[in-house]
Structure formats: C-alpha cells, structure tokens
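Two complexes come next, and they have one chain in common, chain A, joined by chain B in the first and chain C in the second.
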Partner chain A sequence: MKGAEIVPLMRLSGLTVRYSAHRGIVDAVCGVDLDLMPGRVLSVIGESGSGKSTVLLALAGLLPSRARVSGSLLMDGGNGNLLADPSAHSNVTGRTVGMIFQNPGASLNPVLTVGDLIDEVVRVHRGLSKKEVRAETLSLMSRVGIGDAKSRAAAYPHQLSGGLKQRIAIAAALAGRPRLILADEPTTALDATVQAQILDLLLDLVDREKLGLLFVTHDIGVAGSISNEIAVMFNGRVVECGKAGDVTLAPKHSHTVALAAGALPLDLTVEQPKTSISALDDTAKTDNNREQYLKSATTPEPQGKDTQVQQAAKKTELVLSGITRVFKTGARKAVAADGVNLTVRSGETVALVGESGSGKTTLARIAIGLDRPDSGTVILDGQPLIDERGHMDRVTRSRVQMVFQDPLASFTPHRSIGKSIEVPLKIASDLTSRARRDRVLELLESVGLEKDHANRYPTALSGGQLQRAAIARALATDPDLLICDEPVASLDVSVRSQVLDLLTKLQNERGLGILFVSHDLGVVQWIADRTVVLYLGRVMEEGQGKAMWQTARHPYTRSLAAANPSATVPWRERPSVEQAKGEAAGSFAIPSGCRFHPRCRMAIAQCETTEPSLEQLEKGHFVACLRSGEQLDLG
Partner chain B sequence: MTRLTLITGLIGTVILAALILIALFAQQIAPGDPLQMVGRPLLSPFADPRFPLGTTQLGRDVWAGLVHGARVSLTVSATAAAAVILIGILVGTLSGFLGGYVDDVLMRITEAVQSIPAFLLALALVSVLGASVTSVVVAIALSSWPPSARLVRAEVLRVRTLDYVDAARVAGRSPLAIAFLEVLPGALQPVVALIGITVGEAILVESALAFLGLSDPNLQSWGLMVASGRATLRVAPLLVILPGLAIALASLSVSLAGDALAARLSEGRRA
Partner chain C sequence: MLLRFIGNRVWQALPVVLIVAVGVFFLLEMAEGDAVDAYFATTGAGDAGLAAQLREQYGLADSIGTRFLTYMTRLATLDLGYSVAFSRPVTEVIASRLPVTLMLMGTSILVSGSLGVLLGGIASWRRGRPTDAGITVSALVFNAMPGFWLGLLGIILFAVKLRWLPLGGIGTIGADLSGLESLLDTVRHLVLPVMTLAITYLALYVRLMRAAMNEAADSGWALAARARGLPESKIVLRHMARPALLPVVTMLGLKAGAMLGGSVVIETVFAIPGLGRLSYEAVTQRDLPLLAAILLAGTLVVVIVNILIDLFYRKLDPRIADTTG
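Now for the complex of A and B:
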C-alpha cells in the first residue's frame, strides 16, 4: 500500500451512446458519469427505456457495433480509456469485469455441465493446468455458497434450480478474478426468498473481497437496501445520484419521487391509513371511500341512497373447496393445488401470494373455469361454475372476468382495442352494434382512456394503457368478480400504482370482488382485505387486513416478509434469522409431512411426518403449522 | 428487411406482375389458338416478322405458345397452391387446436402423405383422374399440403398458449371461433412465406406433368412445349430453352416476391 488515497475502481465520465435509426438519431444514454469505489455497491435504477441497461452494456463493451459510444472509462486507476479502445475491452471483460445477467437460464450454455462451463472461463483467463483449473472451479463454486461442489459440477444447467443457476453464473463471473461486478437485474427472475439469498451472497463477496458491485435494477426497494450509492436514470440521463439513504428517504427529482412512491414497500412496522398511492395521479384518492364502502357492505341493511351500496346488495360469493389439481407430464406429477379452500365475496379483495410453483395461477384459472380441478368444487352463488358437461353458461361466464399479467399478450394482435373490448359484449349481450360501440367508449372512459384508443392496435399502446384497456374489457359484461393474475407485475413502477388505484376505484363503484394473484408483498399489503399464502399447492396461512404481515405466524409467511427488501432498511439490518433455507423442492417432489419442513428454521422431528392442518388462531387468521400454538419470539 | 431482399423482391414482383399481365391479355397479345399450325415448321427466331420467336416442328407460333402457356401455368399453379394452403390451414388448425385424438389421427395422415414424394403422388393421381387441368390441380393439392399443415399446426400450438386466447375463452367464445378467429390469424404469417414456395413448386410440378403428357393436351403449356421441342433438340434447341426459361423465371419470381412479402410482414409485426 503506497498512498492512503483510494483509487476508484471504475470512473465513467460523459458516457453517451447514440444509435442512428430510421427516424433520426437516438441518444440512448446521454452524458452519464459514475464512480465506484472498491468494496461498495452502486445501483443504477430506472424504468424500462431509461438507458440503465445500455450503460451496463457499454461498461462491459457488449454494445452492438452500430452503437456510437463516446466518453471515458478508467478502470482500477489505469489511464487507458476503455471506451475509446474496444480491443482493450476484450481483455478486460471477464478479467477486471465480471458480468451477471437477469436470466441465469439463458446465460448458461445448456450443453455443458456447470463444472465444464466454469472451467472454460477459468482456462480463458488464467494460465493454469487442467487439474488446477478444476480445483479452481470447485473453489469458486464453494465461494458462491454451493455446498457439495464436486457433485454439482457434473450437473447440467437445466437440472439446477433458478437460484443455483444464478450462483453458477456468479461463479463464472468471478472466474477471471474481476474487481468489478456488473449485474443486470440479477435477482428479478428469482423468487423472493431466493433473491434474498443471492443478495446476501453478492454483498458478502463485496465485503470480503473488496469488489465493486454495479447493480442495475428497476426495484428501488432492492437498490435502497443493498447499495451505498444510487444513481437514478430517466430518459438516458442520470437525474439524481447520491448516498442510498438520501436518495430513498429524501428524493429530490420528481422521477425518483414517483419511483419511490410506486414501489409500495411492505410495511411491517406501523399501521397507517394510506391514501392514494399514485404519485402521478392524485385524482384517484379512493382508499377512504373504500373503507367506508367495506363498512357499509357488511352492514346488513344499507340505508344510503348510494347506488354503489345498492349494487352490493346482490352479494356474490365464489367458493372453491377442496381444490386439488395435479399436472401429469409423462410419469412425473406436478402438484399445483392440494386441497385448497378459498372464498371470494363481492366488495372484497382476496390476495393469493406465493412463489413460483405455489399454484397461485392455477387456482386463479380454476376460479374462472379456464382450468378444471381434479377434485373439489367451484361454486358461484350456490351453482357450480361449470356444469357436468364442462360448459359454462353465458350468464355465469359474464359474471366472472379476468385481467391477465401481460397486457400485450392478452390482446389479439390483429384486432383493434375497441373490437377486442366488443368481443365479450357480442357474446354476452344482445346489444346492437351501435349500442356496443357506445358501451366500449363508455368503458374506455371509465378506465381513463380516450375514445381514440378504441381504433388503435395493441402494439400502439403503452403497457399501462393496455392494462387499463384490459380492465375495460373485463368490465364489459359488468361482472361481479374479477380475477387478476399479477396485473401489475409487468408494468413500470410509476404506472403500477395508477392501475392499482383504478382497480380499487372500480371496486368501490361497482362492488366487485377481486381475486388478486401476486408475488409482490407490498402490492398485496396495500390492496388486500384478506391474504392467502400458498406454498407448493397448499394454504400455509390466511390473514386479514394490512396487519396480516406483522402478525404472521407461519414460518414461511415470515420468511417471505423477511426476504422483502425495503428501500429504507439496509439489507444487513433485516431480521435474517427468519429466512427460509434453500429453495422450494418444486411441485414434482412434495416433501412429506409439512411440505415446508426442509426449508423451515423451526422444524422439529414431527414436522417430517405429520402434515399440519389449517387451524384458526384468532378470528380470520388461519395457520397450518404444528408449532403455531407456541409463543414465537423471532425477530 | 435487408437491401438485398428489397431489391430481389422488387425484381421478383416486377417479373411476376409482367407474367400476370401477359397471362391476362394472352388473347390480345397473341390472338388465335396457339396450337394452330400457322406457318412453316421450324422457322428460326426473327426470320419471319409474324413469328418473332420462330415456329415449332408443327408450325405453331413459339411466342404465342409462351404467352398462352403463361396463362395455363399461372392459373393451374395459383389454384393448386391456394388449395394446398387451404387444406394445410384446415388440417393444421384443427390438429393444433383440438389436440389429442384428432391431432394424432390428422398428423399420422399428414406423415403418411408426406412420406410419398409429392411428385410421384401427383403423377399417380393424374394417371387415375385422367389428363385434364382440374385433375392436375387436384393432384398437386392432394400431394403437396403436408408441409403447410405441419407449419400451421406448429404455429397454432404456439399461439394457442398466448394469453389472448384465454381472454377469448373468458369472454365466452366458442372453441371453433377461437380456433379460426383468434388463433389462426396469429398463426398465418409464416404461411405467407410459404405461399411463394408453394406456388413456385406448383409451377414446376404442373410443367413436369405437362412434360410427361399428363396435362390437358388441348392447352398449350410450357411443359408441353418443352416435351414437344425435345424431338428437335439438336436442330432447334431454342424450342426447349425458351419455355424452360419461362418456367424458371416464373417460379423464381414467385419465390422472390413471396420472400420479400414475408420479410415485410414480419417487420410490420415487430414495429
């Protein structure tokens, strides 16, 4: 060590990336400066199209050749501008820079075993003998927390879970002994509990080995909790940059404010009445109405002249009981639902929460008749949803409607938005085509779209507009119940809150019952009146209201809550004792006894043999855990 | 679309348009029956201004033969290709959308047909049905549909898993309406790419059948011209070369235009 001064690991200044397209020149990135010190984490956050990924690709020298790049990039105190000299880059990529991508499945070569895959990278970067290479590979694998590295090295990527794949990708990124890790949404595709483990690993590496981590993400919660510094990007520029705490607690730029407001963090501390969540659209202050509405909806005799309450008088109830659904592929059986009971009534929002493979989407599809259970019944107001011949009559059909996850995929591409919204009307009503068109315009207006949108095609609308149109379509037949499958998961954060506001507003006006499938606990906490937590096809816990997450008793629910990063709580200060171990076994191999036991930190011997049943702890709060009766004192 | 596709597409389209015009106005361009003996046999080109491309060994006008042949080739192959694609769409959509038992049966039939070389099958069919234009169309249609059926089926299988199909089910559309109004239009784009190839192939098969004397002997077609020119190949090679060129040009222009159209469509889809 010579001087006391620490040289920045990476100093990027004036980065501009320019594409010449048909319609003129587009600056994807414009004058971006970033500094990163060793042992620190810098997050670049922004919505889709903000240029955050372009910055990352420019740093890695992975931009397509038609991109014109200017600016300077100095690494590790050197003085060669790596942006100006792309040939220097090929040496650098993988040596001083390691790269981790969003989808570990796609970034790993499927025909190589993971051991060979890492060997390959080690061999390219380091002059080692064959034996040394494999030894190095194994040590890399254990560095990223893969136990039993020797046997895992013989596995192919598809045989590994998402979390393990991402660990392998990290090991490969570390193989060239980089000082700087570039990570592009590395945890976005992972389940919450697995995301938590990967974040732990990355932060450990940064701390232990004094690496620099440049973390690109759309999630201000993750960014705020793991970073030292945050740069917020919007339209190709850095609009705000500073210490993580400053950016998340006291955002200055209006875009950061919007991002922070839309993020809907899971609130485990105080219960505060929330008003409209939308930072951009405050016409929709709906939550107060909503509470009122709920109150009035539960009183037996509404005395108001309110038409909303009148509507609610015809109370609808969808009851799923004993739903079991097993998907068979060849000899393998995947259990998507295993004896699930679920009720949705008009005026309430029931959230289905769980990680991938929990069966939440299957249940939603069963609830609307898109899929049929192997056993169990779906009853709508005393009548089976689907008759014995597998048919659903016109009236029933029009009473339950659905909003899908990906709004673009949910619209027929060769049909205009207006025509698409007309389809259910045509089938369910006897309106003339004139009246139908008027109704379409009315519907568009009720979801905040313009008349003009009716004539456009799906690709001409933004994600948020499309999801509004999808809601309009779902409402076309004036349904009593709405099934929403991750309706905001594919939307940008700032749009998300507007769509959620719209849903609650419509619910208030029409007394809709909503079944809301989501993996985003913050969203669920905000919108749900009742929350049902699923794990591998079974209900683990069911609770009421926003306090559900504070009072959660099931170890799985608590691990979900603990894994949820909050922008204002540094990652290391979370109660990590509650974290679940490992990853879900997958719905092909349901563990015996309590299906959560292999991952449960509270498991006792009995858990391996006895399957707990769902029991009521207090009113409206059900838990399926053998130890639910005991006093919990975790965290 | 790359520059090259654009240029070749343009060339193809221009040639194709010219051929279609010639076929449409054959009577005006070269009046009379092209099978009629109009002049001295085996006149060489440019020898007599009335017969710019000379005459055949039967004294038929070569130019008139080519012009009228365009009409026969293009109508037969376009009709046959339309039939091929229609069968393909029907079989592919039902098979892909209904799945299960129907899919199994239809796909086994498709494979059975495909295992016989298309040309041999067409040959056999024409010999049974008799030599006429209709039987040539039927023969081509019945022997060449499997690839388009399989293509449509694959696309339908992809499209039917998309959310908008579920959205249509939720809206209460009947399965048939979903298959043909929602799924099929989404699956059609690669079929457009197939049109060029199918028409091009149909032109070749039609010519080959005519060459073998299995098409309508009362209609002057390119294949027939090649066949009859064969006898005098040494003396008057142009009698074979000219109709041969016409066949090549027609099938090439159709493929080029079809490729460009498909590229254009896929670009529109992405934008």
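Now for the complex of A and C:
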C-alpha cells in the first residue's frame, strides 16, 4: 500500500501521547504508525479508552497543552514534522485537514446561524470578498447535499435535523479546502437511515475529489463496509492493520476477533442458530475480571429456551391496547404513540425497534406505569396496571421493573451500589435489614458481580458492571416482566455481549418476559422472539423470530435493514433502492395517509391519503402497508 | 411574534402589580399610627379636633374596608392621589425622583454586568493562575462588604482624603452648569454611588461568567471551531464568550429588583434625591398614597427591566424564541 509514485496524504509514524497523571505517567497512545493515500478510506476502530480519538486529535493538533506528543507526522507531501512544529501544525488545521465530530449538535455554535458559521471559516481561510464568501458558503452547502441552501443558511442549528446538522459540520470542515478529512464517529449519534446518507456523502467526496478519509469508529460493521484499510487499536497501540477485508474476515489479533464476535451484525442471508456471543478472549476485557463467570454460566443455546415449562409454572401477560400518547408544548403537539397494541408474555422477548422520535421509549414508560396514555389500556394479567385514581399498588409495581440506557445516570451518585439495590427491597418486602443485605449479595452474585461491589459507589464501576448492578436492582423485587430501554446502547461491544448473555440467562432461569427497546437491529435480531417496528408512533410491522428481517415486507423495515452496514458487504456495492429518502418529519408534523409515504420509494398516490391498518400476512407477521399484498421485487 | 411576546409579558406582570398593591395597603395598615400621627410627631403639637379634621379631610377616618376600596379604585383608574407628606400630587413627586434612580440603577446594572463579564472572562482565560485567583478573591471580598460601608469607605478615600470626587448629591448646588459641563458634573456625582452598588453585585457576575467560559472552553463547538482552524481571538469571542453571556444576562434580570432595593441604602449614604430616599421618607411619614405609588413604580421598573432583558436574551439565544413563541 505504500505507493512509490503517489505521495501519501498523511504519514504518521511512532506517535506517542503521554499525560502526567497523579499516579505517574500514562501513555494514552504508544507508537502508532498510519499512512493514508488520496482517495482512500482508513478506519481506526477500537473500544472506549483505546486511544483512537487521541490519535485523531493529535493529527489535528488539538490535544491539550499538557499532553506530551512525540513521533513524526508528514502531510500532503510537506517534509517538516508537524508534531515537532506546533505553529506549522496549526496552519494545517482547517486547511489541509478538516475534522468532523460525533455529535453534530454539540459541534455547531448554537447562537450562530449555520450560514454565518460556515462564512466565518471561508473568510478565515480563503481571502474572498464579502459577497463571494456567502456564495462560497452556499456552494459548499449544496456540495454536501443540502437543497435550498439559501434559506437553510439562515437557520440556527437547533432548527435543523441531526442529519442536516452533520451535513453543515461537513460543509464547515470542507470550507478550508482540506485534502484530508478526519472523522470522529461522525454517524454514531445519527439514526440508521441518516447514517447511511452521511456515509454516502463522505464516500462520494472521497471518490470524486480524491480526498483521504480517516474514519474513527467503534463499529466494525461500518468500518469493514466503507474502508480500504482498517487499523485496530487496543490500549493505545495499533494491534492489527491491513486491508479491510482481511481484518474483518480473517482477523489475526485476538482483540479484533473479539470485536468482530461482539459486533452482532444484522444477518439477512442464512439462518443459522447462534451460540453464546460472549466467546471472548481474555484480552478483550480490561475492566472486568469476571468474564470467566459468564463463559461458564451462559447457556450455550439461547434459542433453546424452555418457555413451555416456564409458562406452565407462572404465566404473566402485559397487554397494551390502543395506546395513544400526545405531548403538548404550547401550541405544538408531538405524537409519541398512535393506537399501538403490544403484548409481552412470560419467557418471551419482545423488541421495540425504531429511529429517534418513533415513540419506543414512551411506550416503554407507559408499559411500566411511569407515564399514562391519553387513551388505551395497560392490562397486567387482567387487572389495569394503574387504577382510575392514577394509583399503582406495591405488588403490581414490584412485578414490572425497568433497566435504563445509561447505567451511570440511573444510580444515585452518593449512594453505594448495595444501598441502591436495597431500596426496592425496603419498599416491596418486609425483610429485616439483615435479610435484605443477604438478598443484595445474592442478587449481585446472580448478575456476576462480587460481594465487594455492594460497598462501592457508581463511579467506581465500569459501564458493564454498572449495567449488571442495574439489572440486579431491577430483579430485587423478583419481577415477572423487565422493561429494558436500550440497555446495551452505551456499552462497548465486548461488554455488550456479556450483558445480553446475562439477560438471556436470567430469562431462562426465571421465565422473565422482556420488553427490549433498541435501535440496533443486530442486537434485536439476536435477542428478540418477536419484533415490533415503530415509525412516528405507529406500528409498521410486527414479525417473529430471527427471520423477521429476511422476510420483512414494509418498506420502512426494509430501509432500516438496508441502512445497517455489514462488514462483509462493501458500502458502494450495497443495493440503494431500499434506502429511505430524507429524514423523519418529526413527531410534531405527522404526514397524512401512511406516515412513511414522504420517505418511501414505493409510495403511490393512495398512500398520501389512506392510512393503512395493521394486517396479518401470515401467522405472527403483521404489516401496515397498502402495497403489502403485492409481490414485491426490490432486488 | 415579538409584539405578542411583549403583550404576554405585560399581561403576566399585572398580577404581580396587583399583589404588590394589596400587600402595600395591608402592611401600612398593620404599622402603628397614620399620616396624621406622623405629622403631629414632626410638628410636636396638635389637638384632637385638628387631628379628626385632618383625618376627615384625607379620608383616613373611614373604615378599613372603605379605604381599601377607595385605594384600589383609584389605582385601577391610575389616579395615584395626593401625597400627605409633600402636599403635592403623587405623580409629580415621583416624576421628580424617578429619573435619578433609573440613572443610578441602569448604570449600575450595565457597569456590574460588563465589568463582571470582562473580569470573569479574563479569570477563565487565566484559569488556575494568579490573575484568576486575584479576580475571584477580590470580587468575593467586595461582595462580602455591606454596600453602605463600602460607600462610606469610598467617600472617605475619594471625596475626603483625595478630593477627586464630590461627597454626595446629584449635582453641584448653585453651579448653574449647562451642556457638556452639566453632564460631566452629573457623571462625577454618579461615579461613587454607581461603583458602590455595582461592586457589591460584581462577584456574582464574575463567578457566573468564569464558570460559563470554562464550560464553553470545554464545549464541542469550541473544539470544532479550533479544528476549523479559526484564530484564537474568534474562538474566544464568538464561540465561547457569546454563548457564555446567557447565564449572566439571566442573572442581571433576576437581580434588577435587588439592585433597586440596594439603591435605597446607597441613595441615603450619598444623599441622592431618588426613589429610594423618597420611600424612606414616605414610610416615616406614613404617607400611604406616596408609598403605594413608589412601590408600584419600582415594580414597574423591575418588570420593564426584565422584559428588556428577555428581549436581549432572545437576541442572544435563538433557541429561546423558538420555544417560547
């Protein structure tokens, strides 16, 4: 890959970044070498704390001054080592190198219009007259695929959708005419269909303008799909580097193997029984020495759930019917749920899938009684979950429990883990304080934590350990149903697999019914017995088992599946017919007829006026689409 | 949309004014003695017949219910009545005193706000260095001093010892100045009271601005601005200072009422004939119509200042306009 005639856009060798901390010197990055040619994509993948973002900041010259940087960085044929010359490096930043960040909302100044924001960058780098500056800004905006640039330029960031904001950030990064784009997880905060559009845009820039793209991500699927080369980072070092196909299909280093194993790609081809997913290497874990526990404890075949036995023992059923929930802010109304029916039974896992704003979290909150629907009923075993006076009795409350997305935010910071788990016991049981403490230890053990963790405070635990503790707390009252709202979305892949295994194991042991809210189709395909796809508060499709995604009929479901990058399918060869257009209108402005029609590639005139109802196609497979009866050939 | 916003705010202010009006009446009612008692206390003599006649004349002999009704109807028709203590229409008395207080309060708000923003910005820029510590500590020391004492210290140092500034009042008596000279004279008289009032509140704004700038320095958009290769001055002014102004401006509005209260003390210390001193006089003379009018005027001033600040805030933060309509 080191071309003799083509000069690399960037050649980084021996990058070491050092911080002096209280405990001594910490090497955040140690001896990293990276080369990038024009018109190529290099991905750097790794888990949190692997040093991948530090490398990116070092390349852009944006590390804080207390960081000690050594190594050599040559850019765009220049022969001076930029790492040794900070002033030369800052001249390069924004000109030769453009950078985009993870959260487009946070990287745009909220008090400037996006036009002014880009103008400023153009003015600083390009010596143009005032009129030319705005013209250049508008042309940059059209270049990143923003239609109607002139009126969009007058908008403030908060008035734009996530995808548009990221496009603006890309336009601002391109304003100094860089040759190299550094991208720090630029699509992680975006919905799947929008992520697909942003990836299209970035690859298009690479192909057409021969830019180099350095793409930092935790997602091996995205990396494998879009890159020419991949570098895998672990503990501040590059542990594997090579052609994208080689790294994803035949990983050599054990950490890459672990990343690939934990990735849970959406499988649209062959149906094969999956075994336990946390077949992880010891090196995959740095913060948790208990992974051995799970290896031995996990049931080998999650599919082999003995639900019949469990249901015979204790059968619980939570039925949500006709749930409608509208949030009003001033004159505006946001529709979070619109006539949704949903049932969760003992021993089964029901997944709620949808993009942001689809209402999945609202439904989860309604299912546990944290929120009440405007109309519709929530019935637990024949009894309303909440009585007419809005009261929910102690016994009912203890039967349905919840696990939240951010484990750190869901624990009171100044209360020890043990005390937090004890709280529901105090409320729901008559145990003595000694019996409660014993129960807490028992619960900790059942989720693979140690007794000692009871005395620690939330910040002293890693993300995976905390989420286990959160599950232990949810199990304290011995519930029948568990509502999990994106329980693994904030966890690294290696830890994620363990938490998913834990949930499956507990389900098998206790016959738990689980309502699993997630936007990650791979995770959903792995864990769900039944999947409900929501769009703007309405059920679009409901299907059973792992095959749901292969047999999906609704264009929205299919666009979600198509937007999911697979490490083995190069992004440019992906069928684009199934991609959804644009972005969700937002729950404030629900389109008429079928609410998906403005984004649907199959929409016909009737879709604009007639709202399709949920029809059963075959047993357990429901679709709300006017064209669901037709024989569809989408390639 | 803007007009509707202002209309809304005025509408929301009405109950505030009403509550204050009712409160004033009953507070004064609870206090011992009325305007006639106060009048006799100052003149030192009088007989029961005269007292009864005066009470009849000023409507003080009526029952509490009747007096409350008269008071409220007068307010509703914006008839502020006749000052017992000054023997002049209340509006006239207030009109002569209000501008001075507005000037004192307005300049104090501006001075403490802008000085706070400036010093807080510098403190954040030199985070953790001696400059930072110096600014933060001295702002706190001034904050801990009572305003009247700080004012007295200022008078002793600048007016008595150094003789740079006048002792008190709002203009040189009998100087008969005009144009620029008159303006300069007023400014010289205002320096000490304004600085005294401003400095007592300075610490609040310094600390707010410092914290907001620290936060802005760590924000994603400041980092993104750096990555776009913008010069440091632009990053600090446009991408850090502008968003950081928001909490300071909010606090300026919240503290406007406290500053009006503070000006009562400051006006007394510096012998400034403003609304603050007037209210002191109105209380000691049990002059209900005057006191009610002063409190109403003060409420209006605070409400108006807050509307102005909200308008400024909407200008600073476009997100507000979109959520409040």
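What to note about this one:
Convention: the second predicted complex is superposed on the first by the 600 of 635 C-alpha atoms of A that agree within 3 Å, B and C clash if a C-alpha of one lies under 4 Å from a C-alpha of the other, contacts with A are read in each partner's own complex, and residues count from 1 in each chain.
Here is the rule we use: a contact is a pair of C-beta atoms (placed from the backbone, for glycine too) under 8 Å apart; a residue touches a chain by one contact, two chains touch by 3 or more.
None of the values given here were measured: they were computed from a predicted structure.
Partners chain B and chain C, brought together by superposition on chain A, fit side by side with no clash. Ranking chain B and chain C by residues of chain A touched puts C first.
After the chain A superposition, the centres of chain B and chain C are separated by 30° when viewed from the C-alpha centre of chain A, nearest 10. By the touch criterion stated above, A:A154 is placed in contact with neither chain B nor chain C. Once the two complexes are laid over each other on the shared chain, residue contacts for A:L62 go to chain C alone; chain B is not touched. Contact with neither chain B nor chain C is seen for A:I6 once the two complexes are overlaid on the shared chain. Of the two partner chains, neither chain B nor chain C is touched by A:A250. Once the two complexes are laid over each other on the shared chain, residue contacts for A:A428 go to chain B alone; chain C is not touched.
Once the two complexes are overlaid on the shared chain, A:A409 sits against chain B while remaining clear of chain C. Following the chain A superposition, chain B and chain C show a smallest Cα-Cα distance of 5 angstrom. No residue of chain A is contacted both by chain B in one complex and by chain C in the other. Those residues of chain B whose C-beta lies close enough to touch chain A in the complex are 162-164, 166-173, 182, 185-186, 269, 271. Across the complex, chain A meets chain C through its residues 60, 62, 90-91, 93-95, 98-99, 101, 103, 106-113, 120-121, 124-125, 156, 158-159, 169, 172-173, 175-176, 182, 329-331.
By the touch criterion stated above, chain C contacts chain A in their complex at residues 219-221, 223-231, 234, 238-239, 242-243, 316-319, 322-325. Interface of chain A with chain B (complex): residues 365, 368, 370, 392, 394, 397-398, 401-402, 404-406, 409-414, 420, 423-424, 427-428, 459, 470, 473, 477.
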